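Going by the order they are written in, the chains are A, B, C and D; count residues from 1 in each one.
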Amino acid sequence: DVKKAEKCVSIESLDAVLVDLGSISNSRERAAKMFKWIIHPVPEAPFFRDTWEKKPIYVRRRNPDYYKGLFSTAEFDRILREENVQFGVNLDVTSYTNGKRETLNPPGRALPFTVWDFYESGCSLRMLNPQAFSSTVWNVLSILQEQFGSMAGANVYLTPPGTQGFAPHYDDIEAFVVQLEGKKHWRVYNPRSEEEVLPVFSSPNFDQSDIGKPILDVVLEAGDLLYFPRGFIHQGRCLPDAHSLHITISSFQKNSWGDLMQKVVTAALEIAMEEDVEFRKGLPLDYLTYMGVQNSDKKDPRREKFLSQIENLMKKLPDYAPVDAAVDQKAKDFLHDCLPPVLTPDELATSVQGAPVRWEDGRVKAMAPHITTQTQIKLLRAGCARLCSDGDAVHLYYTTDNSRVYHKEEPKSCEVQAEHTDAVEFLIHSYPSFVTVGSLPCDSTQDRIALAELLFEKGIIHTAEPLQS
Amino acid sequence: DVKKAEKCVSIESLDAVLVDLGSISNSRERAAKMFKWIIHPVPEAPFFRDTWEKKPIYVRRRNPDYYKGLFSTAEFDRILREENVQFGVNLDVTSYTNGKRETLNPPGRALPFTVWDFYESGCSLRMLNPQAFSSTVWNVLSILQEQFGSMAGANVYLTPPGTQGFAPHYDDIEAFVVQLEGKKHWRVYNPRSEEEVLPVFSSPNFDQSDIGKPILDVVLEAGDLLYFPRGFIHQGRCLPDAHSLHITISSFQKNSWGDLMQKVVTAALEIAMEEDVEFRKGLPLDYLTYMGVQNSDKKDPRREKFLSQIENLMKKLPDYAPVDAAVDQKAKDFLHDCLPPVLTPDELATSVQGAPVRWEDGRVKAMAPHITTQTQIKLLRAGCARLCSDGDAVHLYYTTDNSRVYHKEEPKSCEVQAEHTDAVEFLIHSYPSFVTVGSLPCDSTQDRIALAELLFEKGIIHTAEPLQS
Amino acid sequence: DVKKAEKCVSIESLDAVLVDLGSISNSRERAAKMFKWIIHPVPEAPFFRDTWEKKPIYVRRRNPDYYKGLFSTAEFDRILREENVQFGVNLDVTSYTNGKRETLNPPGRALPFTVWDFYESGCSLRMLNPQAFSSTVWNVLSILQEQFGSMAGANVYLTPPGTQGFAPHYDDIEAFVVQLEGKKHWRVYNPRSEEEVLPVFSSPNFDQSDIGKPILDVVLEAGDLLYFPRGFIHQGRCLPDAHSLHITISSFQKNSWGDLMQKVVTAALEIAMEEDVEFRKGLPLDYLTYMGVQNSDKKDPRREKFLSQIENLMKKLPDYAPVDAAVDQKAKDFLHDCLPPVLTPDELATSVQGAPVRWEDGRVKAMAPHITTQTQIKLLRAGCARLCSDGDAVHLYYTTDNSRVYHKEEPKSCEVQAEHTDAVEFLIHSYPSFVTVGSLPCDSTQDRIALAELLFEKGIIHTAEPLQS
Amino acid sequence: DVKKAEKCVSIESLDAVLVDLGSISNSRERAAKMFKWIIHPVPEAPFFRDTWEKKPIYVRRRNPDYYKGLFSTAEFDRILREENVQFGVNLDVTSYTNGKRETLNPPGRALPFTVWDFYESGCSLRMLNPQAFSSTVWNVLSILQEQFGSMAGANVYLTPPGTQGFAPHYDDIEAFVVQLEGKKHWRVYNPRSEEEVLPVFSSPNFDQSDIGKPILDVVLEAGDLLYFPRGFIHQGRCLPDAHSLHITISSFQKNSWGDLMQKVVTAALEIAMEEDVEFRKGLPLDYLTYMGVQNSDKKDPRREKFLSQIENLMKKLPDYAPVDAAVDQKAKDFLHDCLPPVLTPDELATSVQGAPVRWEDGRVKAMAPHITTQTQIKLLRAGCARLCSDGDAVHLYYTTDNSRVYHKEEPKSCEVQAEHTDAVEFLIHSYPSFVTVGSLPCDSTQDRIALAELLFEKGIIHTAEPLQS
């Protein structure tokens, strides 16, 4: 009963939610539950039907501890103290005073001594990609990315009482503003025109006079949530009596139909040129004399003919559109963007990362765990690996060797031999069930075991039980 | 009377043809005449209707002097002696013996001593882009490029008696093999498959067993012509009793509808994303779970819906296709590929290149020729400049500062101010007539003169009479 | 009483030694004590007089716990598990079997599963620069670098029983082989020739037949030490009954008189050219006709004259040698090579890294600690900062922003204004005593405080007491 | 009789001089004669003893045609018309008005129309490296470079009446100002200080108030010469009644003893480190604590000891100085800087460039000229090739494939096998005499012929008689 599960989740703290999720075997289900908890009590289906990409929504919870454990200013302080936070790379110091927006980053490492000095003098602090420093944020985002099918990112904003750190502007992402501490006065405005609905790029900073009247004017308190789609202008200002700490969770940057269409039409045209000689025929010798902007006002029957031929060819393009291959191009980008999964203790114990091989008493213990045909295996996450066709070869792209730092690692993939593709596809489609190595559709037992060992070593699969040596 | 003109041209030598062309005021007409002379007595219209891009044609003239003056082995020798010809850059030494194709370029400059030694030992010589060294070839190609609306290139091939320099292969260009000296046995074969008709890329070297039976098997003698479209496999071998010198004039590389379509669809999609919110809407959250190669065999109603949406968007694309702007993108590439025009003495005397400003008797004579409103001006060539829209700004691209060496110069253009675009367009469309500077549709006399001076200084226009100071 | 202190140190464990060192206020003294502990019971003065750079020495301790805590295979295992260890970057897998040396690194991250599999199959493991992963190794090396005045590095070697991981070879560094676990049979050989005494570069791998007879043939057991200078060939092999873990601490790479001389003569010549016109005079017009290798056998009086002039100029060079400036060039390189200091809790509490500024209860506590003229300050380490003259300007180079990873950070420096150089020099020479800010030889109180704040923020100094706000 | 020859040369025009030089077999003699003609009637020996690098000299000839044929404004005009002269690369437009120096280059090609417009408006024109466009300048400089043993360069300056194009300044080269047309008022000033005598770098532009009083104040007329050493400040201004055209021939840029010393000391130190263990010994552990700028005021006996050791090592350096090898390093740079030789018709007919191999009547004539043991050979120029030792291998560097455009070609060399070095040295030292191929000290006739063929093909040697096939 979904309703019940939802309710069950909703009253839990983040810690409890995370424990609960551990008992769900399907990472996509986990992602959905996590997302429900974030937008609770707004139900998911209506949210995606009526609100998502359409309008802002404000969730008032009157429960300041709802998001507790996700991030805190104490954690912010610890990170400054213990991690190598660099101004301009991991942390921005900003101010917005008398309509003027400034960035005040000095060079070098951001130590608490300097950072808190900026804060005390009224500057806002934006920590970029806190998932690189906070394991909890990493965990939450790595779960959510499977809900969105698109990279989930985050920034943390700490603002002193009575100040504002940013000018009004809109972003190119869907934004979930999660209030963690204190409170903040938010104003949200409609996109200024049709062209700025769901925009492709973020806006510059606006003047107050550019943006009209807010359609939402609320004070977010700890535990509250504010969502607004890309293109909605927004600004947040601290009340005189309280600081504000919030984390903005974002997704759907460059994840539109048009973004996919770029891959589709490029690939479609390439195939059309290979398969259809009409695309390979030469242009008319004289087309430059009647086409082009300098000839666009000419009445010339050749123009009609030329335009009609272009239209004919464009109409043929859908016949050649390799939609699945284009989706794979997009998927490959997504897998590179993904955070690597955070493993539960059980997952750790049954995967290469925690394989029971260790040094004890002067020698290696439990060496070379045996994968046999009876070993039960499963992908570590529904979306941690994907078969993609690259022209002639088939590659398996995977997220498990990605870094917590965005694109610090190159895209990871390995070629999958023709005799292994069915088995990999079988494994992917069997998720979330475990399958025995012996059931993989390969030609020989040797092949089955070799494939399973490869996937195990890459950290893509784990086993039902810790391996025995 | 075109027929008569044609006949008139056909019996002329190249020198006479070039003189004749000098009296034609329209460079496009000149280009057409030059082309007719090359394919004479094949008439132009049927050629382009029945032969061009369709099949090879062999023109036997029994007039060894027909192409005299275009290029010769004596010129080849002179170039080696006087110009800095580099192996691998301007000259290739090749052989094809017992089915094995080799390139034998040593490093450094190609001096006659070494080159003729290779030749005597049975190697073929290919001079690349002889237009950089031969003014006649430069002149002919620069005229022809206006006939093709696409870059006209050339290579020269010198082959010792009884040898062959290249393996059978096909190219990615339309080829006119112009036999200049000696003779050569040519065999031409059909494309091997539908996919290799009008191919996008040249082929590798073929074995004799790959290519079937020739559809054309002829001996080209001096004065003869052989044309074959891209994709037709060919090989030429010298008879034991004679060397062969030919020049291959080529065009239509990457000049297909598909090549233009790449610019059209890229631009169309960009505009669609700006103008149509459907393109900016986000992809379904879960599309990666049912789309992509690994899901292509799945029966899933969501796949149908997704594919149908892609199709809808593709169908909308033609509405946004900025065909003229895309043609301009292609035209800009062409203008960069173009050879600069070779000026006649009259043109020289009336353009910046030969402007009557010179140093005489210790001082500058005839300084600062005055362009007045009465000055009559005209583009130097129909295609030597073109107005292209680059997003917001309008630029005039031009060929007159290009180099005889391919792409040695960057693309040349200058921005055209909004108040000058009508005048530039007027000038372009007035070609081949002269117009007075005073008739340019500008706001003021000052503007008219400033524009004319700019175009004159860039070498884009010339005047009806030499300028007076 | 040095003897007593030595004895005191010698019986202590590493942990106790480190605690003891914490009570020594001078980092150079700490470095000396640490070094004495490492070579104990060999006394320092005779070591540097008779052994250092001269011959190997073997210290047998019969105390397997002597170096305990420095590093262990358990730590090795932990690092593989918890840190991002990359094959080829942080870890090498090697073997030396039947005289053949191989490196067997796969691509990607080195997880225990794979690493221990290599080990079990007889491969040796070399962890490069363990200081990046082990805080203890970092601490020990950062202390020792002040003893050597040259970078202190380390590698860890783990070898399975009965195997050898490396061919005989010599290195370009002074090596201290510290046996941590198990035992290893070592053979050390004299340099093969005068030219290979104290060599500039490491050797290739040798065959057993190249290296003659060992001059030292011992079995190192846990707690033992082996030192040998650069140029001494060595090989270590595990006995069949025990694995071996050792750490090799190294120093004095490119730290010879000749390395300094390169900086001296380059700078000397530059100054000579500025100051002495003899160096700026032109060469003889005809010198190329009698000098150079092709003329070296000629009897020509001009050769004598030319050579004598060169000799004269060389003899003048010492007059222009800016030795101190050249030493600073070398020092700058060393400061860039240095590990950043590991701070004691007291140092942390009194420096910018642990400045009592933190977030508590929703606000910043103990903000903006005040540096006053009474504040007592001191460099964090004798060698953590150095004034160097760069032509006209004076810069302060410092190590405190370096990374544990070699050269991950650019060299760090800040320009010191002319009015501050005396004060910085005073501070440096006052080490290890604290001085009050008020005693800095600056022009004004404002200057004194500004300078102290700058040095405090860069992490170069700490205060006698934690700062009060 | 040198006097006579000198006189003979002196009354000749440039054309006659060049013809005369053609009859001199030794290119170094030719260079000396050419130089004498330039400075005539100043005798060479006193010039180099008293004037060269010491003071300016003014030669008044009252013969406006003396340098006729070297360059002219008509040639300037022709070059603009026929060659691809680019502003900023080959031509600078400058002005110096009211104490302000400006460079006014537009982008792109410098056509006469634009250039003469600048000139008429009072701008000076500087053509850089006219040897790329003028064969006569190329010829003269390529001859002179053998006189200087250092690159000979040139710039041409054309100045309108009554104007000045450059601010007062000094250069880093020896300058010979050769007045070709019109006249110019020159003022030359002493170097401002000892440090600016024979300076290493050119000066910035000076104010009139910086430079004191001229030591030379003359009006140069056509046929006159002005020489001044590097470091002498100079300015030239046209009189109101005449334009000025002069060419400045320059040499001895970076050709001082100090420039050679850089190569000597670097190489000496390298050898010292290989051969002398004192250079390889480590620095004192504690040297950074008493050496360096921050310790330079310390009284410390260790400082004395350290400085004395540096001095000892510096005193040893001359023992290791490989002067001939260092000269070869300098020579290699010079050979790369050299202009390729301009061949006389006789030289052309007897070298690879004019080898009697050509295409005639449909076939290669006089193919493969035979070099036999009787063939007499000789270097084309004394300095066109040089044997240089590069560590283990010996290379022959040569100038004959250099370009007229500075450093357009990479340095050219070929390795000389050990069995050929004696023969190449023999050939070089035999210059200017011809030697037979049979007399080359090689092991076999085959070797002798192979070597001669190689040198012939590289254009390094020519033969006494045109080769016969």
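What we mean here is this: contacts are C-beta pairs under 8 Å (C-beta built on N, C-alpha and C of every residue); 3 or more make two chains touch, one makes a residue touch a chain.
Please read these numbers as outputs of a predicted model, since none were measured by experiment.
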| item | value |
| --- | --- |
| Shortest path length from chain A to chain C (each step joins two touching chains) | 1 |
| Chain whose mean Cα position lies farthest from chain A | D |
| Approximate Å spacing (C-alpha centroids) for the pair chain B, chain D | 43 |
| Rounded Å distance between chain C and chain D, as computed from the means of their C-alpha atoms | 48 |
| Mean-CA-position distance for chain D and chain A (Å) | 64 |
| Shared-contact residues (touching 2 or more other chains) in chain A | none |
| Chain contact topology (line, ring, star, complete or other) | ring |
| Every chain pair in contact, whichever chains are involved | A-B, A-C, B-D, C-D |
| Residue ranges of chain B touching chain D (in the complex, touch as defined) | 73-74, 76-77, 81, 84, 108-109, 111-114, 116-117, 119-120, 181-182, 242-243, 352-355, 357-360, 362-364, 367-369, 401, 403, 412, 456-457, 459 |
| Residue ranges of chain B in contact with chain A within the complex | 28, 48, 52-53, 147-150, 174, 194-195, 197-200, 252, 255-262, 264-266, 268-269, 272-275, 277-289, 291-296, 306-307, 309-311, 313-315, 317-318, 321, 323-325, 327-328, 331, 334, 382-383, 386-389, 394, 425, 428-429 |
